[in-house]
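Written out below as structure tokens is the structure these notes cover.
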Amino acid sequence: MPLDRDHLIGKEALMILLQPEKKLSKELIDLGWRSCKGKVGSMDAHKVVAAVETAAKNQGMIDPQLYRETHALYHTIIEALSGVTRGNNQLGTVLRTVGLTFSIVRGNPYKDEREGEWLAVALYGTIGAPVKGLEHETIGLGINHI
Amino acid sequence: MPLDRDHLIGKEALMILLQPEKKLSKELIDLGWRSCKGKVGSMDAHKVVAAVETAAKNQGMIDPQLYRETHALYHTIIEALSGVTRGNNQLGTVLRTVGLTFSIVRGNPYKDEREGEWLAVALYGTIGAPVKGLEHETIGLGINHI
Amino acid sequence: MPLDRDHLIGKEALMILLQPEKKLSKELIDLGWRSCKGKVGSMDAHKVVAAVETAAKNQGMIDPQLYRETHALYHTIIEALSGVTRGNNQLGTVLRTVGLTFSIVRGNPYKDEREGEWLAVALYGTIGAPVKGLEHETIGLGINHI
Amino acid sequence: MPLDRDHLIGKEALMILLQPEKKLSKELIDLGWRSCKGKVGSMDAHKVVAAVETAAKNQGMIDPQLYRETHALYHTIIEALSGVTRGNNQLGTVLRTVGLTFSIVRGNPYKDEREGEWLAVALYGTIGAPVKGLEHETIGLGINHI
Amino acid sequence: MPLDRDHLIGKEALMILLQPEKKLSKELIDLGWRSCKGKVGSMDAHKVVAAVETAAKNQGMIDPQLYRETHALYHTIIEALSGVTRGNNQLGTVLRTVGLTFSIVRGNPYKDEREGEWLAVALYGTIGAPVKGLEHETIGLGINHI
Amino acid sequence: MPLDRDHLIGKEALMILLQPEKKLSKELIDLGWRSCKGKVGSMDAHKVVAAVETAAKNQGMIDPQLYRETHALYHTIIEALSGVTRGNNQLGTVLRTVGLTFSIVRGNPYKDEREGEWLAVALYGTIGAPVKGLEHETIGLGINHI
């Protein structure tokens, strides 16, 4: 059951966002891990969700034919969004906006291979008033089995 | 008003947690930035809050004689905790526990020096059932003016 | 992807609670579906979580050796609990108590067998002041892929 | 004060939804109980609220001339909605949609007739992505004095 | 249906707290309005709830034999508490404490006497760290039909 | 650190709303305190936020050139709004509307002048269905260091 401290899926997703040049290591790719990243800026929380979902489907992170994969992704995104909004998942409805980069990583972070695949979604960027400069940083991370 | 993209207080706090050897650069220290880090594991959310507050006071991150500094710190911690708990700030009351490292950074991340000092609190580690190994990663970041 | 309207996992879990004599049909059992039920009364939300987790492990609803199964179950329980508490997962901390029966059902409610197994947790009973009779009914249902 | 276990208003509302042919028994009707049911599908939480309110007024479940009755109904609906959304009452704003049937029951579920009339609102159906088939079941129940 | 702007139940409850000498006017008492006030300081949210409930019963604000009255009062208190805590009803679990005065008012604030009796609970005082002086003011108001 | 019981910033903000003729005393003005008030009615929570922000900027309550002041104000408004909505900051999205007066007060409510300036935002008025008369009173108060 224990996490493999060399294969931390959340940390991978976070470092891909925080260090522009960072990519999955050859070791992780050889283990079958996959990742992608993208950008989204919006006052609409649903557009943030949609941007991550679209990237996940287009980049082959999930199988769009299986609802169980979309379901796993959705809850992972919402968990990440709750970190960004610090709890309420509200943006424009309370007069604030975000400019985010996002990453998605899929792989097994546990020592036991029977733990199967997991999904991490990280969001990092700024949140603030809909006026240029009136903003500070924000981060969110969701992790789910898939 | 704009953020100085080379002086991102949230990113500094996050990198201090995610890269064990990471410290504030000489440039930031020369600008008067301060930081500290620590560890806390608990099923009680209030012990996480207390651990960060105690470190902040002991390490000279805030002036414990001024309530405005304690007030700024408290809300910063709670925001970070809402990322860790993905919204509800509940741990043992819903049968889960955390093992976290935390960092605190104080400095001005804006280009305009009149923006004064800000505080970032980052929390990173694991959250899960109160059984060894039944856990996944989690992160939270709070940012506030001080 | 579509739900099989004759194999509704949530409805099965709810009917098992609402009709004492109700059991899974032979058809569902032949398809590999499993279910169990139990009771818990407490002012501590974590005891409700623990009661459902313990039953799930003891009745073979999940494999306790796999964190991904415990993780799936945990989030399913918390979703059901949020229906019971109508949003905040708080019981004794806001001076109320519950007397609940619970059911767990595991199976594939979708027409496509590749959707794999899903888990439903239903909670039904009363919520109210910690005084006999000062209570009304409450229900909650969580559904997750496993 | 105690609930009459043969006159459970929440269970009546739930069974009316879960069993299409189910109606209030003659005994309950003779006691003055009333019920109605309806359907609503939407990405807007406010349209779910409006559909239930409109049905309640049109079917004589509440007196639209009295704000206390509208107030009682509103909070009952919001409680049921929090079960459906598992806590946040958000639908389209977080990119999800519902297809629901609803029931409303009015009567006194307590042994003491001085407890007066109560209202139960139940919601049952599916919640998921705004794509056909990407959905699972959901339920919610609100109960209030009127 | 409209509120009688001279008989505002929330304003009465608030003014009783904010002005120590304030009492219900003879006009309101002649109309059958009742009020009481009290004090509570605690890190436990449930003790705040209990203090208001006990005062309400001891001062004859509600009939303790009727659950519908206890139910109405409970939700009114919880609404007031959510203003005090600004949303989460958590005190000691997130390392903060309150020192509050509370008031309860019962009467009909509407022009139409068929609107019957309503209940207002107001809480006012300080919230902050469990250290003397580390606190600021807070208020909350709940209103419900009874 | 202690609050000066004669210079309660929250109480000042509340009394300005509850008593139409109330203004800051000459003593407080001599100490540099400032205040303003206004009105807003809307089904959109973001319009409530915008109305208070606009008044604060136009009336010189904050310096619009400094993000730290806008940031302090924003969180103060959101805290007040959570009292008004009793926790979720949702209005039209759950089919309700508000008619509010608001006040803003800026000053130092502590005995120690090093505590610097604080901000209080109070909101008082009615909340209810988007139909005239279907409403009751509501209040909210936010307090923050600036």
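A, B, C, D, E and F label the chains in the order they appear, each numbered from 1.
Methods note: contacts are C-beta pairs under 8 Å (C-beta built on N, C-alpha and C of every residue); 3 or more make two chains touch, one makes a residue touch a chain.
Since we're looking at a predicted model, the values are computed, not measured.
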{"item": "Neighbouring chains common to subunit C and subunit F, by label", "value": "A, B, D, E"}
{"item": "Chain pair with the higher count of C-beta pairs in contact (A-B, D-F)", "value": "A-B"}
{"item": "Type of subunit A:subunit C copy interface by residue overlap (half), same or different", "value": "same"}
{"item": "Taking each chain's C-alpha mean as its centre, the one farthest from subunit D", "value": "B"}
{"item": "Centroid comparison with subunit A (C-alpha atoms), farthest chain", "value": "E"}
{"item": "Length of the line joining the C-alpha centres of subunit E and subunit F, rounded to whole Å", "value": "21"}
{"item": "Inter-centroid spacing, subunit E versus subunit C (mean Cα positions, whole Å)", "value": "36"}
{"item": "Distance from subunit E to subunit D - Cα centre to Cα centre, in angstrom", "value": "28"}
{"item": "Averaged-CA centre spacing for the pair subunit D and subunit B, given as whole angstrom", "value": "43"}
{"item": "Residues within subunit E bordering two or more other chains", "value": "1, 67, 71, 88, 90, 93, 118, 133-136"}
{"item": "Residues of subunit C defined as touching subunit E within the complex", "value": "88, 90, 92-96, 128-129, 133-136"}
{"item": "In the complex, subunit A residues that touch subunit C", "value": "1, 65-68, 71-72, 75, 110, 112, 114-116, 118, 144-146"}
{"item": "Complex contacts: residues of subunit F adjacent to subunit A", "value": "44-46, 49-50, 53, 67, 70-71, 74, 78, 81, 88-90, 93"}
{"item": "Residue numbers on subunit E that touch subunit F, as the complex places them", "value": "1-3, 8-11, 14-15, 18, 79, 82-83, 86-88, 109, 118, 120, 122, 126, 132-143"}
